[in-house]
Amino acid sequence: MPISARNRIVGVVKTIEKGEVASTVKIEVVRPSTITAMITKEAVEELGLKEGDEVEAVIKATEVMVSKD
Amino acid sequence: MPISARNRIVGVVKTIEKGEVASTVKIEVVRPSTITAMITKEAVEELGLKEGDEVEAVIKATEVMVSKD
Amino acid sequence: MPISARNRIVGVVKTIEKGEVASTVKIEVVRPSTITAMITKEAVEELGLKEGDEVEAVIKATEVMVSKD
Amino acid sequence: MPISARNRIVGVVKTIEKGEVASTVKIEVVRPSTITAMITKEAVEELGLKEGDEVEAVIKATEVMVSKD
Amino acid sequence: MPISARNRIVGVVKTIEKGEVASTVKIEVVRPSTITAMITKEAVEELGLKEGDEVEAVIKATEVMVSKD
Amino acid sequence: MPISARNRIVGVVKTIEKGEVASTVKIEVVRPSTITAMITKEAVEELGLKEGDEVEAVIKATEVMVSKD
């Protein structure tokens, strides 16, 4: 079912660590992908972002969901 | 400066689209990476997640930050 | 106290599960409501969203707060 | 495709407002549903949350995704 | 109305910038405050966090709500 | 390394509470700061936000990251 989330990155589960309520899942990415970020225009300008820049996409683990067929 | 965010994915900026306040930045991932998700234990169990599963990491664009040296 | 959050959905607590640091709270919605999503324009177009479409609002549990009088 | 997100609320699109980069989508919920929140144990205790309490689930619009078949 | 969100920081609106759909609001903090973060235990250990450390709380603008009486 | 996140608030770690997977970190803010929020234009208008208003910036603990040199 298509979803508005811009980022769906295919990978393989490496480890799962379960707490009482929360769990962490580590996924090894197996395919090249493109990541879309929505940030403020102010941030684009302050960082001087332009095409071709080497950057890092930074994502808090609490923001990542897991989908499995 | 080290940060608690578990996911720092190296890539190259492909396109930038600027609105009046918000912008979207597309980043082409150039290096294999591992993605960490924190989800409920209930979700791990309902999906039957286990090591070796092929999955997708799903991330809303509004949750992705960009870092640049 | 009014808040910018667009979604305030009235319900009744059904279950609470406490971990050491995190907890999950399940709330049974008791009143019809409207949910507002802010997504990229690109997602609206790729999904071909239009008025009258049957859809699902998808929300990660870590993004839901609880307010109580 | 099953997803770890605990909340999938069925509804009908009422209005769509498009900006240059971001859009808002309003969804009228058409079916009773249960909402799961993951919050700190400290918040559960400070609010004195218990089963049967009338509460509000509060969700920022930027955290809501839309899924459509 | 009390809310589970751990962080309520009092301030004064300095500037508001309106786009078609999104807006940014800058708030000058006027009172000392404490900020609570929920991060993975792994991050606490990798950063070697301990009481007394000077740190930065890093928050994406899309995650900040505004409340006004 | 500069990051798009608009909010970097300097403080001192007061307490750390570790669960099995998640942890909470409380940070005492030690320096005046400005907080940037990105909210819907609709919220700005419904709250009647204007420069000089006393408000609260409300942030869920799961959205706060910690950075340390």
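The first chain written gets the first letter, and so on, giving A, B, C, D, E and F; residue counts start at 1 in each chain.
By definition in this document, a residue touches a chain if its C-beta (ideal position, glycine included) is under 8 Å from a C-beta of that chain, and two chains touch if they have at least 3 such contacts.
Model, not experiment: these values are computed from the prediction.
At the interface between chain A and chain D, two copies of one sequence, more than half of the residue numbers in use appear on both sides, so the contact is built from largely the same positions. Looking at B-F and A-E side by side, the one with more C-beta contacts is B-F.
Separating the centre of chain C from that of chain E, both taken as means of CA atoms, is a distance of 21 Å. Here the spacing of chain E and chain F, counted between their Cα centres, is 1 Å. In chain E, 1-6, 18-24, 36-40, 42-44, 47, 56, 58, 60-63, 65-69 are the positions where the chain touches two or more neighbouring chains simultaneously.
If you check the complex, the residues on chain C that touch chain D are 3-16, 18-30, 32-41, 43-44, 47-69. By the touch criterion stated above, chain E contacts chain A in their complex at residues 24, 38-40, 42-43, 60-62. For chain F in complex with chain A, the residues that touch the partner chain are 1-6, 19-22, 36, 38, 62-63, 65.
If you check the complex, the residues on chain B that touch chain D are 17-24, 37, 39-40, 42-44, 46-47, 56, 58, 60, 62.
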